[in-house]
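Chain naming follows the written order as A, B, C, D, E, F, G, H, I, J, K and L, and within any one chain the residues start at number 1.
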Amino acid sequence: MSKILLLQGANLTFLGRREPAIYGSTTPAELDVMLQRHAQQHGYQLEIFYTNIEGEAINRIYRAVDEGFDGLVMNPAGFTYAGFALKDCIKGAALPYVEVHISSIAKRNIHCVLSDVAEGMITGFGMHSYILGLDAMLEILRKRAVGR
Amino acid sequence: MSKILLLQGANLTFLGRREPAIYGSTTPAELDVMLQRHAQQHGYQLEIFYTNIEGEAINRIYRAVDEGFDGLVMNPAGFTYAGFALKDCIKGAALPYVEVHISSIAKRNIHCVLSDVAEGMITGFGMHSYILGLDAMLEILRKRAVGR
Amino acid sequence: MSKILLLQGANLTFLGRREPAIYGSTTPAELDVMLQRHAQQHGYQLEIFYTNIEGEAINRIYRAVDEGFDGLVMNPAGFTYAGFALKDCIKGAALPYVEVHISSIAKRNIHCVLSDVAEGMITGFGMHSYILGLDAMLEILRKRAVGR
Amino acid sequence: MSKILLLQGANLTFLGRREPAIYGSTTPAELDVMLQRHAQQHGYQLEIFYTNIEGEAINRIYRAVDEGFDGLVMNPAGFTYAGFALKDCIKGAALPYVEVHISSIAKRNIHCVLSDVAEGMITGFGMHSYILGLDAMLEILRKRAVGR
Amino acid sequence: MSKILLLQGANLTFLGRREPAIYGSTTPAELDVMLQRHAQQHGYQLEIFYTNIEGEAINRIYRAVDEGFDGLVMNPAGFTYAGFALKDCIKGAALPYVEVHISSIAKRNIHCVLSDVAEGMITGFGMHSYILGLDAMLEILRKRAVGR
Amino acid sequence: MSKILLLQGANLTFLGRREPAIYGSTTPAELDVMLQRHAQQHGYQLEIFYTNIEGEAINRIYRAVDEGFDGLVMNPAGFTYAGFALKDCIKGAALPYVEVHISSIAKRNIHCVLSDVAEGMITGFGMHSYILGLDAMLEILRKRAVGR
Amino acid sequence: MSKILLLQGANLTFLGRREPAIYGSTTPAELDVMLQRHAQQHGYQLEIFYTNIEGEAINRIYRAVDEGFDGLVMNPAGFTYAGFALKDCIKGAALPYVEVHISSIAKRNIHCVLSDVAEGMITGFGMHSYILGLDAMLEILRKRAVGR
Amino acid sequence: MSKILLLQGANLTFLGRREPAIYGSTTPAELDVMLQRHAQQHGYQLEIFYTNIEGEAINRIYRAVDEGFDGLVMNPAGFTYAGFALKDCIKGAALPYVEVHISSIAKRNIHCVLSDVAEGMITGFGMHSYILGLDAMLEILRKRAVGR
Amino acid sequence: MSKILLLQGANLTFLGRREPAIYGSTTPAELDVMLQRHAQQHGYQLEIFYTNIEGEAINRIYRAVDEGFDGLVMNPAGFTYAGFALKDCIKGAALPYVEVHISSIAKRNIHCVLSDVAEGMITGFGMHSYILGLDAMLEILRKRAVGR
Amino acid sequence: MSKILLLQGANLTFLGRREPAIYGSTTPAELDVMLQRHAQQHGYQLEIFYTNIEGEAINRIYRAVDEGFDGLVMNPAGFTYAGFALKDCIKGAALPYVEVHISSIAKRNIHCVLSDVAEGMITGFGMHSYILGLDAMLEILRKRAVGR
Amino acid sequence: MSKILLLQGANLTFLGRREPAIYGSTTPAELDVMLQRHAQQHGYQLEIFYTNIEGEAINRIYRAVDEGFDGLVMNPAGFTYAGFALKDCIKGAALPYVEVHISSIAKRNIHCVLSDVAEGMITGFGMHSYILGLDAMLEILRKRAVGR
Amino acid sequence: MSKILLLQGANLTFLGRREPAIYGSTTPAELDVMLQRHAQQHGYQLEIFYTNIEGEAINRIYRAVDEGFDGLVMNPAGFTYAGFALKDCIKGAALPYVEVHISSIAKRNIHCVLSDVAEGMITGFGMHSYILGLDAMLEILRKRAVGR
C-alpha cells in the first residue's frame, strides 16, 4: 500500500479565512476530510502535515524517508518565494515530488523556486488541484511499480 | 453535452519521433485514440487539432467560438516561447483555457508566455498530462454549469 | 490616384467581439464601410486586408509593391509583440508605413517592435485612430508628390 | 466653444534653428499662425504656451483647470525623458491629454515617460503631428459632449 | 525657539482636488491651519513653502540655512522620481531632513531618490504623516540640543 | 480598549549589543518598559513578541487574529530581506499593519519586501520610531472606529 | 547521392530588391541557378524552398525527414529573431543543420536564436555564404559516411 | 583554551545519504568524531550544532556569545541562498566567522549571501574543508591573542 | 575677442560651504575672481552664470547663441543626473561645450548624462578643473579660427 | 600573389592535447601541413603565427600591414572573451578579417567580442573551419582585385 | 616525489609594498623562503613562478605539463577579473588546480573568473592562505595516489 | 626635478595611421617631439613608453617606482576595456595617476575600467589632451611639494 505525504506550506493553516477571493472558503479541516476520502477510495495511505516553519518541513521530509513514504505532494504556499533550503532537501531526499498550487501562479506573476525539482506541477484549479496532484502521484507510483 | 477543443501546437505532429527521451514514444495517432476513449467514458465531445502555424491556431480558436465549444485545452509546444498573438486570441475568445505540457518546463528552465491567461496549468506527467488537463476542464465546466 | 494598403494584423477579425472594453464594439464590416467612405471622400484607393498569419502579411506587402501601392497603414495587433520578420519586410519593401493602434499601448505598458520602421505612429483614439492614420499617410504622399 | 491648451515643452522656443534635419525649419511664430488658423476653421479657442521650465508647465496646467479649459495637447520635448512631476500633474488635473511628437521617437529609440497618462499619442509627422493631435482632441471632446 | 521649514514639492498646490482617492480631500489651506496649530501647541516656528519648480526648492533651502532654520521636513511629491539636484542640495545644506509622504509609496511601488539623505521617513498615514514628521523632527532637535 | 501586537523580528533580541553605532544601546528590556509606559498613557493594551524564526512570527500573527487584536506594528528586522511567507501571512490576517525600522533603511540601501502590505512605514528615528509607529496605529484605529 | 534541403526564411523572396546595400542585388532566380550548378558540379541533389511563414518551414522540414533528406542548410532570415518553434523542430528532426547568413549579423548586432542547434554557422560573405555553407554540409556528410 | 562553535546549516543532518556524488558518504556522526579528534590534538573546545531552522541558528549564535565562544565556523548549506537574517546576526554577534563549503560553490555557480561577512572562505575540499576551516580559525585566534 | 559662457549648475551657489571634503572651501566669489583674472590674462571675455533651475540654464544658453557667444564651459553639478532637457538644448544650440567637474565623478561612481554631447571633459582637479576647462575651450576656438 | 596571415590565439599551441572531445586530436603541426598544402593548391602565400600573449598578436598584425599582407584569418581562441585591445587593433590595421572557430561557439553559449569587426565568421566545422575561412578570404581578395 | 607549480599572477612581484593594509608586508622573497621550507618539511618539490603577463602564465602551465608537474596552485591576483584565456588553459592542461587569494575577495565584492575551474579555493587568510592551499593540494595528490 | 612616466597603451604605436577620423594624423614620433618640448619648457623629466602588452605596462610601472618617478600619465587605449590587472597595479604602485584619452570616450559610449583609480581624467581634446594631462600632473606634484 502506497504512502504519500501531503505537505502544506506556510499560511495554509489559515485556509478558508485568508483572501477567500483567491483561495476559496474551504477550511483545512474540510479539505483534510475530502482528501482522506480520496485516499480511501484509491487505496493508499495519506498523511497531511501543516507547518509555517520551513525547517520543520525539512525535518518532516527527512523523517518521511526513514518511515518509508513513497511520494511527496506539496503546496509550498509561503515557501514558494524563497524556499531554497527546502528545495535542496527535496533533491536530497530523492522522493518523487508533485507540486500543487490552489491559484494560477502564472496569472499572479509568481515564480516558484521549487518547481524545477518537481516531477510535474498543477496550478490554478482551487481545491481540485490537490485531487489532480494526488492522481498524478498515484500514476507515477504505478509506473515505477510496473518496472521502468 | 460539453464540447472541448484540444489544440496541439507546433512540432507535435512529430510526437513519438522527436526527442523521445523528453517527450516519450507515443505517436499522435496513439494519443488521439487514448484521448477519444477518455471522451467517450466521460461523455463529452472532443476535437483534436494539430498545427505548426500560429495563425492557423488563432483561426481555429475563433471558429470554435462560433461553433459553440465550451473549453480549450492546449499544449502550446512550439508556441510556448513567443506565442503572443495566440495569447491575445485566447483572451479575446473568452473560452476557459487549460494549459498542458508533456515535460516539466520548470525543470528545463522554460517560461511559457501563454500561462497567465490559463485557468490553470499541468506540466510534467508525460501523456498523462493530457488526461489530467481534460479532467480539470470537465471540473471547471461542471462548476460553471452548477451556477458558479 | 493614390493606392493605400490597410493591413489588419492578428486577432482583428474578431474586432467588436473581443475585449470590447478595450477595443470597442465596432465590427470589421462596419469599420470597412467607414474607411472606404473616407477613401471616396478624399479620392484615393483603399484595400483592406485581414490576416492572423504573420507570413501572409509579408506576402501581401511584397505583392503590394508589385501592384504599385503607394503606402502602408497597419495595425499590427497580435504582431505587435514579436513581429520581427514583418519588420524586416517593411524595411525591405520600402513603402512609407504609418502605424496605428486602437488603444493607447503606452497606457497598457506594451512596446511594439515595429514602431521604429514607421514614419509615424498614432495610438489610443479608438476607431478614429484609423482615420487619423490615413490622413497622415495622405499628407506624406502629398509632400512626396510635391518634390522632396 | 471648446478651449484647448497647447503646451510646448523644453527647447521648442528654438524650433526651426535647432537640429533642422530632425525637427524641420518652421519657426514657433510660423507654427502658431498655422495652428491658430486651424482653431478658427474648426471653431475652438486655442492657447499656446512655451516654457523651458518643467514647474512652469505644471503651474500653467493647474491654472488651465481653473480657467475652464477642456483639453491639453502637449509636445513634451525636453520633458520627455524625466518629466515625472509633470506626469503626476496631468493625472491630477484630470484634463484629457493628447501627446504629440514632431519626430518618430520610436525610430530614435526614445521612450517618453508621459505617454501612459495620455489618451493617445501621435508621433513622426513633423508639424502635421500638431494638426492631427488637435483633430484627435476635438474628436475626444465631441464624444464626451454627446454623452459617454 | 526651533525653526522648521516644511517644503511642499511639485503638485501639492493642487492637494484636495488631485486624485482624492489617493491623497484625500484636505486642501492646502486646511492643512496649513492644522500644522500651524501643531506648531503653536509645541512651541516652535513653522514656515510652509509650496513650489512646483525644483530649483526654487533648492533656492529656498539654501536661504533657510542663512536664516538660521534648524530642520527641514519635506514631502517631495513630484520631485520623488528625479529630484537628484534637490538631493545634492540637502546633502550640501546639512540641515536634518525628515521625509514625509501622504500615501504609502511602497504600496504603489514608487522609489524616492531623496530618501537616502533623510534622517528618517514617514509614509502612508494621510495628513497625519505631516504631524508624525514634525513630531519626529522635534525629537531630533531635542536630542541634538541635549548634547549628542 | 484597543489591543496592539508589536512583533520584533529576527536579531532584535540582541538589541543594544548588536552594531550599536547603527541600532543604539537600548536593550530589549529597556525598550519594553518605555513602550508599555506609552501604552498605559494612551490607554491601550500592548503585547510585545520577539522571535528569530519567521514561522513563529506567522503563528503569532494568526493567533492574534483569534485573540481579537486590532492592529500589528512590526519591525521586521532580519525578515526584511526575504520574509515573503510573512508578507502573505499579513495579507491573509487582514490586520492593519504599520512597519517600523530603527535605522533609515534607504540610507543603507536596503529594500524591505514587506513594505507594500503596510498601511504606512516609519524609518530612521531610533527607538523613537516605535513611539511614532504606535501613534500612527492609534490614529488608524481611531479613524476606523469613527466610521471609516 | 546526398539530398540537401536549402531553406530560405522570411523575406528572401524579395532578395535583390530589398536593402541591396546590405543584401546585394542577386535575385532568387539567379541565386538558385548558381546553387543548382554547384550541386551538379559536386554531385548531390539540392532542393530550395522559400517561405515567409514559420509554420510552413516546420512542415517542410518534417516532410524532408520522411523523404530521406540528409541535411538542412538554412538562412533563417526573418526567423532569426523569434523562430523558437523552428528551433525546436530542428532539434526534433535530428538532421544536421548548417546556418547561413548573407550579412555579418555580429556586425549588425543581431543574435540568432537558432544558432545553438546548428553544427556550424557561416555569416557575412554575401551570396558566397551559401556556397561555403553547402561545402561545409558536404564535408559533414562525407565524414558521417566514412564512419565516425 | 579557545572555544569554537561549528554550525551545520540546513540539510546537513542528512549528510552521507544526500547527493553523495556531490557531498560524499561521510555521516554526521563520523564527521563529528573526526572533528573532535582535531580539537583534542590542537587543544581547543569544539561544539557542533546542527539545525534545519534558520532562526534556531540565530538563537544558537547569540547564546554562543553569552557563553564566551571565540569563533564561529559555519557551513551554511541550505541557508546559502537566502540566509539574510543569519547574515545580520553574524554581523551583530561580532564573532570572527570562517565559512566552509564541502563542494566548490563557484564551480556550481552558486553565490552565498553570507560570504561577505566572513573572515575568509574555504570551498571544495570535501570533509577536509572543515579541517582547513578550523585551522584557519585557530590561526585567526592566535594572531588576535598575540596583540593586534 | 572670444566670448565664453561659464554655466554653474545646481547647488554651486553654495560652493565652499557644501561638503568641503569633496568640493573644497573656495567660495563662488573667490572662484569668479580667479577665473576673471584668467580671462584677462588670456584675452577673452568671460560671463559666469549661476542657476539652480534647469530651465533657466536652457534659457541662458539660447540667449548666449543670440548674443554671439563662442563657447560653453559648464559644471552641470546637480544637473549631472537627469539633465536630459539641458542636453537636448546643448545639441540644439550647437555651441562647442566643455564639461567640468570639481571631483572625480568616476571615482564616486557617478555617470553624467550630458558628457556625450561635450567636446571633452575634465574631472577631479578641484578648482583647477575650471582653469583646465577654459584652457581647453580656448584651444578649441583657436583651432576653429585657424580654419578647420 | 596574395599574402594571408593566419593568427592562432591563446591555447592553440596545445591543440590536439586540450579537451579533444571539443577540439579534436589534430596537432598544430598536422594542421599547418594541411593548411600550407591548401595554400600551394590555391596559389597564395600563407604565414601561420601562434601566440598566447594578446599584445604579441597585436604586434604581429601591425607588422603584417608593413609587410604588405592582404588579409587576416584568425581563430581568437582564448582572446574570444576579452580581446578588446586586439579588436581595436584590427579596426586600426584595416586588413580584411575573417573569424574562425573550431567548435560552434553559439552551441556553447559563448559570445566573441571580436566578431563585429570581421567581414564574416565561420564556426563549428572542426579543422574544416580553417579551410572554409581561407576560401572565404580568397573570395574577398578576388572581388577586391576585380574592381570594387 | 610530488611536483607542484605555484603561479603568482599579476602584481604579486610588488607584494609587501602594495596596499599593505590589504595584502600585508611580507615580500616575495620572504614568502618564497617560507613556502620552500614548507616544501622541505612535507617532502615535495615546489617551483614558484611570478609573471605580470597572462600569456606567459599560459606558456608556463603548458610547459609544466610537459615537465611532469602534478598540481597547480595559483594566486591569480591581477588575472582574477578577466583571465579567460588562462581559464581555458587550465581546463586544457588538466592539472588539479587550487586557487588562493590573500584577502577575502567576497568581502571586497570581487568575483574571480577562474574559480569555477578550481578544485577548491582559499581566501582571506593572508600569507597563511598559501600554506593552506599547498596543504589542500597535497591532500588531493595523496588521495589520487591511493586509488581513485 | 620632477620625473613623469607617460605610458602609451595598446595600439598607440599605430597612431596617425589608425582611424584618423577619430585619432588624428599625428604620428608617435611627432607626438613625442611635441611632448618633450613641453617637458623642457616646464623643467621636468619625461619618459615615454609604448607597449601593446598589458603585463609589460605593469612591469614598467613597478620599475618606475623603483627609479623614483613622481607621477604616471597614461592613455590606456586598448587596455581601456579590460585592463583590470593594470588597474590593480596602479593602486599598488601608489603613484598619482592622470588618465588621458584622445577622443571623448563618453561621446563614444565607452567606459574605462581604470578611471576610478585616477586622480582625474582628461578626454576628447585630441593631442592636446596629453598637454593638459601633463599640466594637471605638474599641478598635483606642485601641491604635494608645498605640504599637503
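Convention: a residue touches a chain if its C-beta (ideal position, glycine included) is under 8 Å from a C-beta of that chain, and two chains touch if they have at least 3 such contacts.
Here the structure is a predicted model, which means the values were calculated and not measured.
Counting only chains that touch, the fewest steps needed to get from subunit E to subunit J is 3. The pairing of subunit J with subunit L is characterised as different-residue: of all residue numbers used at this interface, under half are used by both copies.
Per-chain Cα centroids separate subunit G from subunit L by 50 Å.
Rounded to a whole number, the gap between the C-alpha centres of subunit B and subunit G is 32 angstrom.
Note: centroid distance subunit G to subunit I, computed from Cα atoms, is 56 Å. The residues of subunit L that reach two or more other chains are 53-56, 82, listed in rising order. Listed by label, the pairs of touching chains are A-B, A-F, A-H, B-C, B-G, C-D, C-G, D-E, D-I, E-F, E-I, F-H, G-J, H-K, I-L, J-K, J-L, K-L. Residues of subunit I that touch subunit L in their complex: 104, 106-107, 109, 112, 115-125, 128-129, 132, 135-136, 139-140. Put simply, subunit I touches subunit E in their complex at residues 9-11, 13-14, 17-19, 51-56, 77-82.
Subunit J contributes residues 53-56, 58-59, 62, 82, 84-86, 88-89, 91-94 to its touches with subunit L in the complex.
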